[in-house]
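Below is one structure; the comments refer to it alone.
Note that the chains are named A, B and C in the order they appear, and that numbering of residues resets to 1 at the start of each chain.
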Amino acid sequence: MDALTATLTVLDYGAVAVFGATGAIAAARRQHDIITFGFFAAVTGVGGGTLRDLLLDTDVFWVAKPSYLVACLAAAAAVWVFGVGATRFRLLLWLDALGMAAYALVGAAKAQALGAPPFSCVVMGVLTATFGGVIRDVLAEEPSVLLRRELAVTPVLLGASTFVGLTELGAPLGLAAMVGFVSAFGVRAGAILQGWSLPGFRGRTPSPH
Amino acid sequence: MDALTATLTVLDYGAVAVFGATGAIAAARRQHDIITFGFFAAVTGVGGGTLRDLLLDTDVFWVAKPSYLVACLAAAAAVWVFGVGATRFRLLLWLDALGMAAYALVGAAKAQALGAPPFSCVVMGVLTATFGGVIRDVLAEEPSVLLRRELAVTPVLLGASTFVGLTELGAPLGLAAMVGFVSAFGVRAGAILQGWSLPGFRGRTPSPH
Amino acid sequence: MDALTATLTVLDYGAVAVFGATGAIAAARRQHDIITFGFFAAVTGVGGGTLRDLLLDTDVFWVAKPSYLVACLAAAAAVWVFGVGATRFRLLLWLDALGMAAYALVGAAKAQALGAPPFSCVVMGVLTATFGGVIRDVLAEEPSVLLRRELAVTPVLLGASTFVGLTELGAPLGLAAMVGFVSAFGVRAGAILQGWSLPGFRGRTPSPH
């Protein structure tokens, strides 16, 4: 394995582990047992990539290579053993921002490799980076990442669009990945540090059912 | 493209766009931003057909043809720009009834074309027409369409059963589709106009966990 | 069909029907109509196996053989007609424990037959036995089986691990199945009778968003 492949492999497992840790934290908030920690970590860590692979009709990435699940379980064990105080949570928030930026590109690139049209590649990038968190929030009965004000889907959408747009325009892969990653991470950083958000809808809505 | 194909194509995209608009309205109720509008519109618009295609192990219909997603996003943009007052919501409710009646048949017919047994074809029709709304309600944390008293699944079940039953009995496709569509739309119209509902369970239940 | 195959077939349909009945009970608690009963029974009865088959990229088991759905609907009809008092609920709880123990092995064995690595086979066993209930609880807006204190995922995990571990070590299939089944059912029985639970997390957690 050369240095680039090794780096990408570490990043790949790292992102899954960080997503898994956010799942374990959802379990920790309600004082769940270690098995529930593992379940939430696994679902959150691999959920987005699983949906992407099902939609693209390709082998689900962790089934033949369950070491991805082991990474999630290791993250769950770490949260269990060490706990997550304010400082460590802050660190995890930043690692999660890095992981989401990376996974937006990973998801889009996998869809490109399988010949999906550009627009679908962007969608796959967004789903890969966000859907694990969506499932986590539904299962943990927490307010969904979709329903929070702070920007979370937007950075991922920006990064995936930039990456796919640049590669479609013929930019070198490395450049497209770098610009896509920086734009996703930059906007997410603004959301974390400055509470960046988009204006909400102000128009008329019908009364609920 | 002949006139029939053109009509069917318009109906197909129209149904997806109407479902998408109901997703955008769920986002509008909570004053979400434009990105969340798009996410809800897309998930609601294509969710049912996506599940159908995964279960039938066929290509997910929008992946190679993302114009379906564009229809959802256009619907989301329209809800954002124009808002949805009481009159427009009433119109949308009726368009949604038309869309669900049509999609019950579309889903069942696709399953038939892929050789599924009749009972499974009915199930695919029901899932295609209803599951986008189920996902929308789970993600938006609204009372699920499943949990409302008003008939919503029943019309779709009736329409899909009628369509599949008639084609199994050898009726011409056009006739089966027309009777199926009218029965689904008719019962749904009764639910909207008259609050039609089936009697609820009145028997003994165990106490909750 | 020989005696063994006949027994396994009865067990298979029996487990799906019992899971389906727990779905119908979720519908019964809220006095839903017969159509919603059927929907919940079907989703709960076949949900876990459906996810397993999608992840393993094999034909979804009930699509070509909808008699599994018929078993779910029969269970829903039985709950509707006869109601579920305390005694019958207790019986169902035990049948559910038997069904989950059996399905943990069924799911793992199917993954083994398709050549998945041992760790993924365990995961498939757990998903097959538990995910129908997870979907039921999300759709019924009940506290998820994942969020209850009582052991539910743990027995299934133990049974699937034991079964896969023993077969990997070369134990005869019948022996591995028996030990796996007994360990899963035994721990679940302890949870039902004695309220067995694992210790919850006691460490630091960050404040919620």
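The rule is short, and it goes like this: contacts are C-beta pairs under 8 Å (C-beta built on N, C-alpha and C of every residue); 3 or more make two chains touch, one makes a residue touch a chain.
What you see is a predicted model; the values in this text were computed from it and never measured.
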| item | value |
| --- | --- |
| Angle of rotation relating subunit B to subunit C [CA atoms, steps of 5 degrees] | 120 |
| Same-site or different-site touching of subunit A by its copy subunit B, using the half cut | different |
| Chain centre separation (subunit A, subunit B; CA means) in Å | 29 |
| Junction residues of subunit C, two or more chains touched | 54, 138, 143 |
| Interface residues, subunit A side, partner subunit C - complex | 25, 27-37, 39-40, 42, 50, 54, 59-60, 62-66, 69-70, 79-86, 89, 138-143, 148, 150 |
| Residues of subunit C that touch subunit A when the two form their complex | 54-57, 116-117, 119-120, 123, 134, 138, 143-144, 146-147, 153-154, 157, 197-206, 208-209 |
